[in-house]
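What follows is a pair of complexes built around subunit A, which joins subunit B in one and subunit C in the other.
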Partner chain A sequence: MTQVLFYGCLFITFSPILAFFFMVIAKNSQLVILTIGGSFFWLVSILISAIWWYIIPPMREQWWFIISFSVLFQEIFRYIFYRLYSYGFNDRPSLNQIKETRHQMALDSMRKRKQQNGGSSSNEIESINNEINNNNNNNNNDDDENKEITEEEKEKIKIEKQKQREIEISARLETLSARPNHTLSSAAIGVGSGVAYGFIMFGSILWESTGPGTLFSPACPTVNLFMLSSIITLFMTLLHVVYNVLAFQGYRSKKYHLVAFVIITHFVTTYLTLLNLPTKTTSCFGSVFTVGVITLFSVGFCIFSLLKSDSITKIH
Partner chain B sequence: MSGSESNNNLFEQNEEDNDYFNRVSTNSSPIRNSVNASPKQSSSYSSSPKSNNNNNNNNNNNNNIILDLNDDTFDDKEHDDSIGKNSNKNKRNKRNNSIDNEEADENTSLISDSEPLLNKEEKDVEQIEIENLDGEDYDDEVSLQDFSSMIVSIIIPVSLTMMAVVYFVKYLNDQTTYASTLSYSLTGGGGGGGDSITGNSFVDSLIVAGTVLGMIIVTTVAFVLLYKYRCLKILYGWLFLSVGMMLGSFGTTFFQAMLSASNLPLDYITFAFLVFNFTVCGIIGVFWYAHQYVNQLYLVIISVLMAISLTRLPQWTIFTLLVIVAIYDLFAVLCPRGPLKVLVELSQERNENIPALVYETGKGSDSNLKLGLGDFIFYSLLISRAALVHMSCVFSTFVAILTGLFLTLLCLAIFKKALPALPISIFLGILFYYISDNFLTPFIEALTLSQIFV
Partner chain C sequence: MKIKIYFIVFIIIVLSNVILSQSSIEEKMYVSLNSYPCTRIMTLNGQIGCSSSHGGDSGILYLIDSDESYNNYFSYNQQKDIIIVFDSNYFNKTLLSTLYTKKKMNGALILTDVEKTYPYSPELQYPIKQYGLYPDSSLVWNPNGDGFTYQSFPFPMFALELETSSYIRNLSTINRNGKYPAYGAELDSFMQGAINAETCLRRGFCEPVGGQSIWSSFSAEIDQSKPIILVMLPLDTTAFFRDLATGTDQSAYALVVLLSILNSLQGVDKTKWDKEVIFAMWNSERWGYVGSTNFVNDLLNFNCTSLNSDNENSCSSPPILDLTFEQIKFENIYAIIEFNQLGRPIKSGIKTPNDSDIYNLVFHPNGGADQLMNVFTQSAQSFENSTIQFKTTTQKELPPCSSMSFIKEINKKSAPNFIGTLVITDHDYQYNNQYFGYEQDNAGNIDTTRSTLIDMIQVFSTSIDLLAGGNGTVKVDDFFVRDIYSCLTSSFTCSWVTSLMSTYPYNPIPNFYSSVYGVSPVNHISSIETRFVYKLATYLTQHRTNATNCTYDSDCDTASSICVSKVCIYSNTHFHDAISLAFSFDNSKSSWTIVNSSYPVFVESNWDYTTVRLFHVGSYTNEIWFLVSGLIELLLSVGIIFYIKKYLSKRYKLL
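Then we have the complex of A and B:
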């Protein structure tokens, strides 16, 4: 019986986000790496807030205190990850742009070669190629001139080798930095933090649900704790994706009202879950429903702002 | 090849023409990779002026997709030509590795040789040689796509191993007890384990871990000597026997434990038949010709069995063992006289594969990466140790290990030498394990009991 509860809650919480992951993000390996980075940074933020919670014993039950600091730490780490991401990917072209540029260059060069005389230009190109090949190889022995190596040339070769090595390393780092689409990247990072949130906050207790017996929510004693948690976690994971897309867009194009929207929504939703406490103003339906409404609204707002800033296009 | 090289040459000649990047217009949706160079047709939903994306050209393709992703940039900054030049250099360096290139471009990776002993008591004093090296066999030209798919192709089996180990350990732990007799035989009882930090247990764990390390060093040196003096028959015989014994005995133990934990009966004859076939298929799959998936599956199974058995060690012993093996790995791979470095150099001189248990992603393909099985085993060991505590520890350790693996692969791509894969991941993993165990678990328990969602 409890196995049914386990699988039900598991699928309720994780289906949308995992479906999004496997259909969109898993197709592109760079996005997967960004997802792992996103969950790492979220994890660090939640560890710091856990440490903060732990070392102030008198405030452990004051939820308003803990929630505000936790949300603050998460947003700070989102900003830190944005800085890291923009430092890495700021003035690199995306892979599509590189491909398109090469395509254009190829087309133009073909056009130019057709216009010029075929013989002379290709010979010139071949000789330039050979020279560059010789310069760029460490121990290239294709040329016959390099057979006799004197002392000076050995020195020169050594210096060239060192320079070459440095150029190689920087070239490798350069080509490592073609980036995917910004919107997709921020969505991938959001999926990372959402999945990390889901697994850590909810997955930890989910395993306990397979034991004998079950727990009931403190606010509404007739509702299963795991059910309620799974629905709210579903909303929160989707919200994490939305937060990330909006926040990165705001940081990137300096539209800080988007960032303010993210922070305010994050605070509002987490404070709404305070309604789950068994106090006077308790209502589990209130919290779940309101959080759901806010989720829908945020998703709509996210799509709207993406359309408005031309990151996505509506086709019919 | 001359066509593309001449094009790349023209890259440099056309340095002044910077309008290539401004003319780029792509639709980078993951569903369809259509590259389109037509000018911008604004048929988008809103009529507001386009704010920040000059390079955003969208196309009006009539297909069934309603929302389409545009390739956006940060601003209308001109992309300078260093990008073009560097991609040129990479294309030119493609197949020009001469034999006497000092930077070792063809790196082979390292061995993980694990052989269990016969006795069940000494099972934990295994001669686990985990040499953790990564090697790569790819060209100089590596784009971010190749690099990322290489990373993902190694992250998938590592994650699968870890998940399998966590599942089985949790399943077995709920039903049976997980004790070990190793530390009792070595240290005279009551040592190396427990939750308390007494001097006794720490010293005992050091003794046990030191013993395991000693066995690792002896076996590694013997392995290197055998390889150096070309006693290949002894080497391969040793490997076959060890893998066979391990699959057979660990497989038997584990299979029996699973059956008794799930309360299923099975007769001895069927049991022996299944285990025998499993073992023989394992030896053939790992050391002889088999489909790539079968090979990889059996390597993962070997790692899982090994890690599950090692989890029986006491708690402090496991951590001491992990730290000591990580430090040893660092020395063995990077020191000039380390046995693993000698082994790698020997195999590179002779231009042949290292005969050992190595996980290889994609033989002969572009993204060829080799990771020793010892890495799998020790990562899974750390995770299963976390699984015995709390599930939140599992996930944070998982993320830490994956991040450490990613950083290691990044270093590998930059330096292109054989590198130890253990140290970064293990140290990050242990750090995150302890922080989660002491701080995160009470936090989460308090939060979930009051249903607050942070």
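Then we have the complex of A and C:
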């Protein structure tokens, strides 16, 4: 019967982040590696927090103490990972940079050929453009335009296409060694830490929900603690992605107000979970509701600041 | 290298923290309750008792404490899985059978905070008729019996102790408002045995029901030329929940009487005794007179083919640990006196000179016991202010009693000196005990005064002394009687237990359920109550002591001696196997087998542990909604990501 509760909690908590992982990140092997790296760095930061908690016995029951240090360690490790990630940043071009360079090179060579052969090569440039933009789509709808081209020219185009394909293959090989774009990379790292957070903090609780019993929140005795923690964990995992994207953006473009936003929000949301403690002045509704609002605001703010900076640009 | 070691240490520290925190969640979710399980017993043709499914059965608590709540149960639909909490008044065969045949139930908890207001016995109307002297009898000794104990149930049942009962009663009353969080319980009493006794023994999941009988004598050695007076009683008791088998009227009261007789006769001059008096407490009698039948059979038929080389008093084939019983000759039996149910005698309506009620005890004679009856009647009359008097039964048959095992053989073989059997009870025909074989047969079920108990002991021990050849001057120790009475009927934590036993009882409720015999003929399992009775009998019938500075019983040199406060106490007190003759131990398979199914076959299933855990139950509808919203959320996030990939990526470019 409480298998229902188990799957309910599982879907609520992990469906956005896992959907993102499988539909976006898993498509790119390097993003997957970054995700794993993100989880690892988060785990190390939590390990350090755990040791910190363990070696100071008088403060073990003082949650504010360990929470502040835990957040601090996480932010430190985020910065360390950023430094590691950006270590060879400028020496290697990103995928877009390579694409643009390829495009430019192709255009340049076409222009040269156009100068040599006269006007007939404008179609070729178009077809090359098409091919570069749609890597796998070789059946272009340039049939109508090529109808009047003679057999000889067709032969020529075929040879050119062959050459272009070779260039394409070498470009894709180079892409594999190149880094995906910064925004997705930082999001992937955030997904890594978010998933690690979800499984470490909620997984052990979640497993208990398969038993016949359920646990009710000490702060509000009518609310199922499993549902409550699954919703909070959902917000927290999303926040981890947002934090990482914003923090990396801030570090990269030296906009330190973004970093400050991340650190402050991280502290605030973490302290809000203390509202679940069983005392008279606390309420679990206060914690879930405010964390939810903060999450929505943070996501909005993240998109807004990405649009404002150079990370997301509109294609006209 | 060092760093590696540090890292491993860190990992271990962190892991141990994670594991600790995990178990603390479970601790917060589940509360274990003190409880007494209904266990499973296999018979030749099937099984009786209860078992949970593997891993336990759970459900929401539903209290049945009124006719209204009983009838509402059939239309109750707040949850599918239900654990019924029975007020003890609503726990009987008729009501329970109707309940579980009409609607599914996952288990039952039985409250003990309120006592049944009507007479009830889960035993049969003629207990163990087929193994007694009159298998075709039409008498009904136990009119309240409905045979509930001998039914099989497909769900677990637990009785709760007093304090837990009122706690659970409150929680299940709260459940009635239909709000959440509600309270539920998980009942885990998985019994490994199944199908029937033969299958279960073959699979090795069962042990025969049995135990150790105790017999004792004041003489250091039984003089084989003297006639023997057997003073005996059935030691074990039954109850639906076997951990609650106090059986005060059923046996424990008579046991108090017998032990007090031992204490009174201890100080009597026994030099003039021209007869041997043997006091015997037969175990496992409620499962087909197992202890007495086994003893009689050993007296008549036992033949040791090879003595144990280490210990001359034990036999290795057939294996038996104590051969002292061979001193008792069956032909020497002179008289049998059995104390059966004694705790609820009826007032005769006559008063003593000092205005106390006189109670009637009833003689059930067999084989011409006139001489015995005369001695008992005379000693009752000779004693001034006696609050007991004797009547002779109106029935022709004996009530169910251990003497039947002896009478069966005496009828066949004839002991030349035998003058008869006398069973003394509190009832003429139907049992005065209204809770025969039920948990409520405890100290509260006794209906006499303390002075009547003292008088009984006085009269009985005087009579036994007279019969043995003494002059009948016996002094009863009031303090001993008071101590041992509360010890064996209310709380098994008295000073006698602490001074005689090295282990402390796990369950303070005195419980004389015979339990299982053991895993092999030389590997016995005895309950602490049986061992206590043995030690107390040894202590009371001691004929020699030796200060050896001992710590354990094994430090004393013979098997029938015990160590009490650094002194070895020697007595002619012995255990005797109480296992049904139906079983024989197969050494090649090292398991019990059934060799003769005309004797009683009862085997008890093994189990690992039994628990009742209490927890909160959440609303099932809420959980369904939560799952549905989770699925919607999944679809939504997939949709959003799909939309972003399909459309927004064409309009926006990421750096």
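For this structure, a couple of remarks:
By our rule, the second predicted complex is superposed on the first by the 234 of 316 C-alpha atoms of A that agree within 3 Å, B and C clash if a C-alpha of one lies under 4 Å from a C-alpha of the other, contacts with A are read in each partner's own complex, and residues count from 1 in each chain.
As a convention for this text, a residue touches a chain if its C-beta (ideal position, glycine included) is under 8 Å from a C-beta of that chain, and two chains touch if they have at least 3 such contacts.
These numbers come from a predicted model, not from an experiment.
Once chain A of one complex is fitted onto chain A of the other, the partner contacts of A:54 extend to both subunit B and subunit C. When the shared chain is aligned, subunit C comes close enough to touch A:212, but subunit B does not. In the superposed model, A:199 makes contact with subunit B only, not with subunit C.
Of the two partner chains, both subunit B and subunit C are touched by A:312. By the document's definition of touching, of the two partners only subunit C reaches A:221; subunit B does not. When the two complexes are overlaid on their common chain A, residue A:102 makes contact with subunit B while staying clear of subunit C.
Within the superposed three-chain model, A:233 lies in touch with subunit B and out of touch with subunit C [touch as defined at top].
With both structures placed on the common chain, the touch criterion links A:290 to neither subunit B nor subunit C. When the two complexes are overlaid on their common chain A, residue A:183 makes contact with subunit B and with subunit C alike. Set side by side, subunit B and subunit C differ in how many residues of subunit A they touch, and the one touching more is B. Within subunit A, the residues touched by subunit B in the first complex and by subunit C in the second are 24, 47, 50-51, 53-54, 94, 96, 181-184, 204-205, 207, 310-315.
Residues of subunit C touching subunit A in their complex: 10-11, 13-14, 17-18, 21-22, 25-26, 28-30, 56, 58-59, 80-81, 180-181, 184, 186, 613, 615-618, 620, 622-624, 626-627, 629-631, 633-634, 637-638, 641-642, 645, 650-655. The part of subunit B that touches subunit A in the complex is made up of residues 2, 4-7, 9-11, 14, 20-21, 23-26, 28, 30, 35, 37, 43-46, 48, 50-53, 55-56, 58, 60-63, 65-74, 77, 79, 82-84, 86-87, 89-90, 92-93, 96, 98, 100-103, 140-145, 147-149, 151-152, 155, 170, 390-392, 395-396, 399-400, 402-403, 406, 413-414, 432, 435-436, 438-444, 446-454. Here subunit A touches subunit C in the complex through residues 1-2, 4-5, 7-12, 15-16, 19-20, 23-24, 47, 50-51, 53-54, 94, 96, 181-184, 204-205, 207-208, 211-216, 221-222, 224, 227, 310-315, going by the rule given at the top. Across the interface of their complex, subunit B is touched by residues 24, 27-30, 32-33, 36-37, 39-40, 43, 46-47, 49-51, 53-54, 60, 63, 66-67, 70-71, 74, 86, 90-106, 108-110, 112-113, 122, 125-126, 128-129, 132-133, 136-141, 161, 165, 167-184, 196, 199-207, 217-219, 225, 228-229, 232-233, 236, 252-253, 269-270, 273-274, 276-277, 284, 303, 307-316 of subunit A.
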